[in-house]
Structure formats: structure tokens, C-alpha cells
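These notes concern the structure reproduced below.
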Amino acid sequence: MRSLYNRIAGQNLERLAALSDGVFAVAMTLLVLDLRAPAAEAIHSEHDLLAALAALSPRLVTYMMSFLTLGIFWLGQQVQLDRLARGDRDLALLHIGFMFAVTLVPFSTGLLAEFMAYRTALLAYWANILLLGIVLYLTWGHASRARLVKDDTPPDVVAAICRRIIVAQSLYAFGAALCVFSTYLSIAFIALVQINYAVALPLALRR
Amino acid sequence: MRSLYNRIAGQNLERLAALSDGVFAVAMTLLVLDLRAPAAEAIHSEHDLLAALAALSPRLVTYMMSFLTLGIFWLGQQVQLDRLARGDRDLALLHIGFMFAVTLVPFSTGLLAEFMAYRTALLAYWANILLLGIVLYLTWGHASRARLVKDDTPPDVVAAICRRIIVAQSLYAFGAALCVFSTYLSIAFIALVQINYAVALPLALRR
Amino acid sequence: MRSLYNRIAGQNLERLAALSDGVFAVAMTLLVLDLRAPAAEAIHSEHDLLAALAALSPRLVTYMMSFLTLGIFWLGQQVQLDRLARGDRDLALLHIGFMFAVTLVPFSTGLLAEFMAYRTALLAYWANILLLGIVLYLTWGHASRARLVKDDTPPDVVAAICRRIIVAQSLYAFGAALCVFSTYLSIAFIALVQINYAVALPLALRR
Amino acid sequence: MRSLYNRIAGQNLERLAALSDGVFAVAMTLLVLDLRAPAAEAIHSEHDLLAALAALSPRLVTYMMSFLTLGIFWLGQQVQLDRLARGDRDLALLHIGFMFAVTLVPFSTGLLAEFMAYRTALLAYWANILLLGIVLYLTWGHASRARLVKDDTPPDVVAAICRRIIVAQSLYAFGAALCVFSTYLSIAFIALVQINYAVALPLALRR
């Protein structure tokens, strides 16, 4: 009985994509929700307001970094889903695990924004990125093993998706390790990795 | 006049799925929103921050359990919608009732996370899961009776969907009843049921 | 130049439906977000917690009523969109106005839940429902005039959609007028109208 | 390796539209979330409540203006996406940048609503609108250059989309510059531009 139910569950890839898009959209918008207008009582001049906004700028940097992170992982998930011919129940559950890691990002980002100088906050943030990577890797592994991938996918694409996750996670891990010296160094390195994946690389390839 | 209006209402299954995905996505993300970074004033060292994060871990467990619950019910709803050939107005309204139960989950989860030792909180949480199950059962019953199910659906699938809901709800009810001894026992049992549905079973079937 | 731009804008009905579904999903989930677990400091026994939850129940009723209202208007919008062959820029902007009214519902519901005995709160709530109705009426009027409706739509369907809005809004207006006697009477009447549209009517038709 | 991964990433225009719709839906609903029911302690009569609601009305105007802004930019993005035959990774990343600007709108709107008389708040708000325009312009430029636009798109449509952005942004910039005299003048001008784009123009064309 259970196996019959499980055989018919989780086959709808469009709804999996729709739920993921919803979770990403809410997580991305909530990120910025933590940016709060300063309290009116504390502001008595243009200069006060400018100073209050300037004081928000480190937070803004953290949010931009996390927004980019979510964007890159959204693309990473999409690359996988676009290659699938069908889904199954385990795939759906692995993606639900992936979404859980996505919903943690506003929390770990808020933690890092509040406690930028603390290694604990930085490592919690990195653990979140690591979790995203691990689940995405498991998801792809399951899709390959369970023959959910489209038949016309060349083997080098299957391998490229795995390698991409490992290379990116190695860079994040190196960045996190830099917190031995300074958490700011870690943040700068991870932000550069994200910017590299998002912007610099495509520019370089165009040359 | 009304019957004409009602005949043309609620036929669009894609929009019903889209609204549901949106409600699930928001509810899932809001769950974790209750995890708040500790107040900066209370943190003076790495040790303080680590202790504050460790103090959040029971909450994290509750949220994971509820996330999994939402994921399992999302799959359960999808199994039903995937089997439907068309919708009608009553079906849409039953699913709107289902979504109402979904939006209550962040509230009942927050209540349980705050008052883990209280039977009232545990029973409120269980009542929410029960409501999800009842509405899903009524939804499927209506779909079968109103002949909305696809013609190629074997009768054992129709029965399997009903049985699945009843078996799962019996387990949840047993778990809730364990609060006579201890609410923590109840939480552990319900969490195990969810993990079993999500993880252990597929692993077992693979052997 | 502008007319060229406007001619190509707003034709995508699927994206209009998707944006609407998103706005409805967020508004529906935020409704319940105002239900807050009681503060832990005030709760010292099961009895305290039960009393605190019981004190939330009038709010729960208001939220259920608003949830149902949103569900009914979501169905109403869907009936219209399902009948359209194509969109145009004005239609998109009218629906954006409709969504604005939708996003006001959590605010006006919170207001009513907080100030149930105040006519001002009740009339603000009714004004929100009225706005939803007016925009939906204008939307359908524009769709008919601009020949966006599918060719195979019988004229009585076009008329039934208009009449439905007018009948429902007349009932809401009557309910709001009852606040001359008591706002609770108004709330009860409007809640009954919603329940009638959602539940009683289909049951009656089945006989 | 990387170029292979990048070649297969970001091709799915439907998911890009779905993520955008989600981000817009959440941002639009959160806008109004800042409208809070007055505190029950401060309200002792109908008159108090009416006065408290009247005091919210400047905020309501700001929110309506931002809602309209989001609606207009949503239409602007849709016009572009509807003209595309396919996507690529850079396009997806540019749209993710666009969504980042969208998620900032609730923040900059809240800032303006709180500090209407401050030029800093007005210029921050304008900077947000400018960012939306710049990213949308870059997105279209990339789409044209990378030959992502549908083959049947007449050249004057390509040009009209560019011109539309430039004309609108010029008007916004002029409105922002009016803050030399008064920030209220700026707000009134920008609100009129939005209303013109949304309402007046179509009316004028109908004549």
C-alpha cells in the first residue's frame, strides 16, 4: 500500500519548481525586510538621517551577498530541474530539504549582519551555505542514480554539475577558514567568490 | 443565476495549485522567521553567542518537524491534484479550507516551540495536523464523488490515498495521546513518524 | 511611441494570474500571522495557556471570515480571467488595483479584530470589501467593452458575473448598515453571507 | 568546464518569470504591512480611532504610489520577457539584480513615509527607482546584444522599450530635483507621473 502511494507521489516537476520559486521569492524579500528605517525620535536633521542610513550600509552589503547567494543557488537548482525528465518522491523530499536550507538564509544572514566580528556567526553562515551545497549535491546524485535525468543529457553535463558544486563549496570552505585571521576577511572572500560567479566570469568569457 | 455562476467557478486546477504553492511557500518561510538572532546587548563573547544559538536549538527542532509536516502535506495535496481531470467550485473551496489549515501551522508551531512542556500547546499543534488531514480527506472524497478524478486512475489508487491519510492520522493521534505521559514523548513520536514518512521508508524500500 | 509601447504591454494573462496568486497567497498567510503565541512570562499553568488561547478566539473568527473573503474574491477573479481570450495594458492595471485592495485586507482585518465594537473599524473593513467589488466590476466591464472575452462565452455568463458582484455587494452593504444597531450584528451578518457563498449554497444545490 | 555549466544555466524563462512574480507579490504585500492598526491603549472613542486612521493617510498615499511603481515596473519587465525567445545566464543574473532593487522598495517606501520632509529620504527613494530603471535598461540591452529577442520583433519595438525607460527616468529625475524647493513637490510630481502612466494616458488615447 505504501509503496503504491509512494510511486505516485512527487512526480510533478512543475509544482516542485513553483514551490521552490515561492520559497526563494519569500526568502529573498525577507532578507531585505531586516533593513529597518531608523526610529523617527532619533532623527532631527538631514545629517542625522544620512548618518543613520550610512550606519545601515554594512547590513546592506551582507544582504546583497546573501541575495546573490540565493540567486546563484536558485540558478543551480534550476539547472538540475531543467535536466530532469520526471520526478519521484525522494527527489521531492530532497528538494524540500533544500528549501529548508533556503529558508534558513534570512536567519543566518541576520545573525552575520548583527555579529560580523564573531566567528560563531560566520561559521553558522557558512554552515548554511554548506548545507545548501550538500543537499543540492545529494539531489543531483539521486536524480542520476534513479534515472530521472533526460536521456539526451551528455555525460559531461552530469559531471559538470557535480564538479561545479564541489569547486564552489571548496572556495566557500576556504573563505570560512580565513576567519582564523579575521571574519571580515572571510566575508570579503566569500562575497568575491559570489561576485565572480555572477559577474566577472561571464565578462571574462566574452573576451 | 447563481448556479450558472457556480458552474463556471473553480475549474482552473493550475491556479488552485499555484495559490497552494504560494501559501505553502510563505508558510514554510515564515516558520523559520520566528528564529530570531539574539539581541546584540546580551552578547559579549563568542561563548555568549554560541550559548545563545544552542538555546535556539529546541526551536530549530520544532521548526524542522513542522517544515517536514508541511512538505509531507504538500506532497499529499499534489498527489490528489495530479489525479484530477478537472475542478469545480466546491473543490476549490475545500482546498481554500486546506490552505487555511496550512497558514495556521506557523502559529501552532510557534506555540509549541514556546510552550513545549504544556499539553495545551501540544494538543493545539495536533489539532492543526488533524485539521489538515480531515480537509484533505474530505477533498478527496468530494473529488471521487463528483467524478473529478481522471478516468485512468486505478481504483486501488483512490483507496490508497484514503488509507494513507487514515494511517498517518492514527499515528499522529497516538503520538498526541502520549502526552498523558510527557509532551516531549509526543513530540519525539510525531517527529519520528514524519521522518519515517520522509526518509526511512524510501531507504527501506530500496533494499 | 507611447501607444506602441502600450499596445505590447500587459498581454500576458498567465503572468497576471501568477502575480495575483502570489499576492493572494501572501495576504492569506499574513492574515494569520497576526495571531501571536501569548508571552511566556504571563503563562504559569495549563489553565493560563488555555485561557490565553481562548482569548484569541474572537481574532480567529475574524481571520477565518477574512480568509474566506479572500478565497471568494480569488474565485471571482479567476472566473473572469478564465473567460478572457487575451489581456491588454488597462486590464493589467485594473488587476493591479484589485491586488492593492487585496493587500489592504490584512490591515483592515487586524483593525477590525482589534476594535470590534467600533463602527469606524467595521466601516473601514466594509470599505475594503466594497473596493474589491468595485475594481472587480470595473475589470469585467473593461474586458467586455475591449472585447477581451473569449468568443464562445454566452451572453448570460457575461451578465451573471456582473449580477453576482452586485448581489454580493448589496448584501455586504446591508450588513455594514446593521452597525447602526451593533457592529457585532454586522460582523455576524457578513460572516453568514460569506459562509452562504462558500458552503450552504452548494449544499442546497445538491438536494 | 565552467563555460559548459554556464551555457546550460538560466535558459528557463518561465521560472525567471515565476521567481519575479513571487518577489513582486511579496514586496507588494509587504508594502502595506507597514500600515499598522493603532495601539488599543490609545483609543477610547470612535473619534480617537477616526483620528488615528486619518493620521495614517499620508502613509497610505506613499504606499499607493509605491504599489503603482511596482506595478508599472512589473509591466515593464513583462514587456521585455514576452519579447524574448530564450534566456541565458547573464540575463538571469541581471533579472536577479532587478529583483534585488524590487525588494528594496518596501524599505525605501517606509523611509519616505516616515521622513517625508527630508531630502535624504526622497533621494534614497528616487535612487531606488533609478536603480530599477538602470537594471531594466541593461537587461534589455543585453537581450538585444545576445540575440535573445524573438525574431519577429520589429526594430521599432526594441527602440520603443529603450526610449520608454529613458523618458520615464527623466521625469522621475526631474521630480527628484524638485526637492530643491520641497520634498512634497517631488512626491506630488512623481505620483502624478505614475498616475499618468497608469491611468491618464490610456484615457487620453481612447478619445
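Observations, loosely collected:
Letters A, B, C and D name the chains as they come in the text, with residue numbers starting at 1 for each one.
To be clear about the criterion, a residue touches a chain if its C-beta (ideal position, glycine included) is under 8 Å from a C-beta of that chain, and two chains touch if they have at least 3 such contacts.
Just so it is clear, the model here is predicted, and its values are computed rather than measured.
Under the touch definition stated at the top, subunit A and subunit B share these contacting partners: C, D. The chain pair A-C and the chain pair B-C differ in C-beta contact count, and the higher one is B-C.
Across the assembly, the mean Cα position most removed from that of subunit A is the one of C. Of all residue numbers used at the contact between subunit A and subunit D, under half are used by both chains, marking a mostly different-residue interface. Averaged C-alpha coordinates give centres for subunit A and subunit C that are 35 Å from one another. Distance between subunit B and subunit C, defined via averaged C-alpha coordinates, is recorded as 25 Å.
Residue numbers of subunit B whose C-beta contacts span two or more other chains: 18, 21-22, 25-26, 30. For subunit D in complex with subunit B, the touching residues are 22, 25-26. Those residues of subunit A lying in contact with subunit D across their complex are 17-18, 21-22, 24-26, 28-33, 35-37, 40, 43, 46, 49-50, 53, 64, 67-68, 71, 74-76, 78-79, 81-83, 156-157, 160-161, 163-164, 198-199, 201-202, 205.
Those residues of subunit C that touch subunit D in the complex are listed here as 1-6, 8-12, 15, 18-19, 21-23, 25-27, 30, 89-90, 92-93, 96, 99-100, 103-104, 106-107, 110-111, 114-115, 118-121, 124.
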